[in-house]
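Next come two complexes built around subunit A: one with subunit B, the other with subunit C.
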Partner chain A sequence: MKIYQKILEDVCIIIPHGRLDASNTHYIQKSLSEEAEKEGRVVMDLSSLEFLDSSGLGAIISLLRRVKKNDGDMKLVCPADKIRRVFELTRADRMFDIYDDCEVAAKSFPRGKA
Partner chain B sequence: MKTLLIVKEKEFSWLGSTFQNCHPLATQICKKPLLEYFIDFSILCGINDIRLATDAPTEELVDQFGQGSRWGISLDYSPVRETDELDEIIQKNSLYCKDSRLLVVKGFCFLHYDKNIDYKYFMHNVEPGELSSCETGSVRVMDDLSQSGTVPASDSPTLSLSPVSNVGDIHRLSMEILMDHSDQYVLPGYNNEDHIYIGHNVTIAKKAKIIPPVMIGNHVQIYGETVVGPGAIIGSDVIIDAHSSVQDSVIFDKTYVGEHLELKNKLLGGNLIVDPDTGTQVHLEDPHLLSQVKSSKKSLPLIHRIFHQITALLAVIIMALPYAAFALILKLQKRWLNEKETVFINSSGRTVELVRVTIKDDGLVGRIARSLSLERFPVLIRVMQGKLALIGSRALPADEENRKVLDEYQAYRPAAFSYAEAESWPAEDSDWEIVERFHLARRSLLRDYLMALKAVLNSFN
Partner chain C sequence: MVDKLTLGFPAHFKYVRIASVLGVQAAQFIDSESDPEELLEFAHAFELAISEAVTNSVKHQRSLSRSSKIVVEIEISRTEMTVAVMDSNPHFDITQIPAPELDAHPENGYGIYIMRKIMDRVESRRENGWNILIMTKKRPGV
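And now, the complex of A and B:
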């Protein structure tokens, strides 16, 4: 699995590629820099993800919790149906704002401190 | 052009558990699911892409409607939050809504249209804005291309909305369509005679009387001396026993109507009778009068159950001796506590009593007992009896709060070991349900075996 990161304005965008499962969840945990965690504006773009298992889901949820600790928020971009279904099936979709476009998700953060 | 349907859970929460066998959007009006009317109308408008944005669970809808291939369209689902307003929902679906005219239907309502009218021209040329609304919803055209449209909304062909906010509305709409507007919609069943729709595999006794308008579903048995109609909508898998009459009433799927019952102006489903005018609900306890026709339940395949039971039996045989020895030692030290607990064993609320063991010893003996999972011994006996699974959901104590949880947790399958402890990832207590739902949706014999093994290995650590 590869994880790309980019900053769009002041939003940290994390883009995992490939499979996110028990063997690589630690990469996701490390993908969020301390600075971005404090800033609290994170978008996780799952559109290039091919597979997500329960450990991967757990890693994403724990990342959300870390961001929320600092009064921030993490939004998801998830157009792929099979990945979106994982969130729906497990009811984890209730924890996130889920967008189908990364740019729109990044712009959806209120201006000023999140 | 595309359709965006927006329906929030709170808009149909009034349905509660009234007809809990189906998703509210699959609630039948004239034997046709509500969502299907929206699909039909979209097709009449020349729309091939429909997205349902909802905060409610969609598994049942996906099972029933799939991705829309049955209608030759693309149907997908988008999760939204309860608090999301229309502009936020459009934002969340911006890629879908981009560069397209959008038909937005918002709310839990019924859309009146006429299948004989071609809506394509109107929809593609109408001025963007609201076309119709009612107390519980609205239908509008939005245009991302900033095309103004040349046809005023007031020139709309037959198109209006009716609220669906109580069971009376379901009854009223069903009767209205059956009696006066059946030619406006594509309705299920064969229709060789006016106002009579009959499904397949319907058995009608010689002495039964059918008075139109009526609509009868599939696999229905109507016994002798029965009078069905006028104004009867009978669901599928329904049995109407002798000497009964059904008039101005709707009988939902899988219902048995006993002998000598006179039903007039009622809604029936399972053992429930609802008066559409007052909303009064009566559950009949006598299965000879009214009951649900049982179908094979979605349960574990036999081979799975046998696997769980045999594995539990083997575990009990292996653990019996250490259990007896450790229990004795720890009981003498008063560090072995037995507690009885009643838990739910399925989502319909059946319960069983379990013996929960707590080992209150952090010393060597306690640690060994715990790592051998000896505290599960009494629960494994329940697995052997087939009451619980070996691996599955956490067994929820039988109380009111958990009863509500089960209403939304149809896949619930309590077990000796839970998927959550096998995974050991839940960071917070509320996360267990997420893990369980994930694995319950993907369970297989091999997966169960590996997860059970993982749970046992975890107890060693």
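And now, the complex of A and C:
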């Protein structure tokens, strides 16, 4: 698994590639810099993810909770049915704003303080 | 006719995906006449269910420092596909596992719940010191 990051305006975009399961959830935990965690505007773009199971889902939920501790938010980009289904089965889709497009997700944050 | 595939490997998280991918490949291999979307959904269900089952087996092994063995058996009949995940962990009975509190959004504990949601049948039994978890799903178009 590889995780790419980019900054779009003041939003930190995290883009995991490959399969996310119990063997590599630690990459997700480490994917957010302290600075981005404090800034609190995060998008996780799952469009390059080939596979997600409940271990990977748990890591994503944990990251959301970290961001929310600082009054921030993490949005998801999740166009693939296969990945989205894991969120729907577990009702985790109710925790996130989910978008089909990364730019739209990044622009959805209120301007000014997160 | 029944086709049977068997995979044995040490109980380590790095092998979870090999079992999972074997499941998805086997599920797609079985039938070229089904609706491709249905077949893909069927294959993805096994990919996810096997990942959940094998992850549980790795997590609950007796000692993390000395890997035990996990065996995955895939059986394909004319009507259904069955996957058995076997480990020598302490006795594990899926009927004793409580369902996760979905609205509390826990960070773990979804495995058995997901398997039950996406398979037609999930059963477990203990045999000769092995836990055997059996997941069955009817083939698409049957």
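Operating definition for what follows: the second predicted complex is superposed on the first by the 114 of 114 C-alpha atoms of A that agree within 3 Å, B and C clash if a C-alpha of one lies under 4 Å from a C-alpha of the other, contacts with A are read in each partner's own complex, and residues count from 1 in each chain.
The definition used in the following text is that a contact is a pair of C-beta atoms (placed from the backbone, for glycine too) under 8 Å apart; a residue touches a chain by one contact, two chains touch by 3 or more.
Note that this is a predicted model, so its numbers are computed, not measured.
*Asks:* Sharing subunit A, do subunit B and subunit C clash or fit in the superposition?
*Replies:* Aligned through their shared chain, the two binders clash on subunit A.
*Asks:* Applying the document's definition of touch, where does A:Tyr99 land relative to subunit B and subunit C: first, second, both, or neither?
*Replies:* A:Tyr99 sits against subunit B, while subunit C stays out of touch.
*Asks:* Is A:Phe87 touching the first partner subunit B, the second partner subunit C, both, or neither of them?
*Replies:* first
*Asks:* For A:Ser55, select first, second, both or neither according to whether it touches subunit B, subunit C, the two together, or no partner.
*Replies:* In the superposed model, A:Ser55 contacts both subunit B and subunit C.
*Asks:* Between subunit B (first) and subunit C (second), which, if any, makes contact with A:Pro79: first, second, both or neither?
*Replies:* In the superposed model, A:Pro79 contacts subunit B only, not subunit C.
*Asks:* Of the partners subunit B and subunit C, which touch A:Ser108 in the superposed model: first, second, both, neither?
*Replies:* First partner only, subunit B.
*Asks:* Among the partners subunit B and subunit C, which is in contact with a greater number of residues of subunit A?
*Replies:* For subunit A, the partner with the higher number of touched residues is B.
*Asks:* For A:Asp21, is the partner it touches subunit B (first), subunit C (second), both, or none of the two (neither)?
*Replies:* second
*Asks:* To test your reading of the overlay: subunit B has the stretches 79-87, 115-123 or 385-393, and exactly one clashes with subunit C. Name it.
*Replies:* Stretch clashing with the third chain: 385-393.
*Asks:* Identify the overlap between the subunit B-contacting and the subunit C-contacting residues of subunit A.
*Replies:* Overlap of subunit B and subunit C footprints on subunit A: residues 53-55, 57-58, 61-62, 85-86, 89-92, 94.
*Asks:* Across the complex, what residues on subunit C touch subunit A?
*Replies:* 13-14, 16-17, 20, 44, 47-48, 51-52, 55, 58-59, 100, 102-103, 105-108, 110-111, 113-114, 117-118
*Asks:* What residues on subunit B touch subunit A, complex-wise?
*Replies:* 55, 57-59, 62, 67, 76-81, 91-96, 98, 419, 423, 425-428, 431, 433-435, 437-439, 441
*Asks:* Report the residues of subunit A in contact with subunit B in the complex, numbered from low to high.
*Replies:* Touch list, subunit A to subunit B: 53-55, 57-58, 61-62, 65, 79, 81, 84-94, 97-101, 104, 108.
*Asks:* In their shared complex, at which residues does subunit A touch subunit C?
*Replies:* Residues in contact with subunit C: 19, 21-23, 51, 53-55, 57-59, 61-62, 82, 85-86, 89-92, 94-95.
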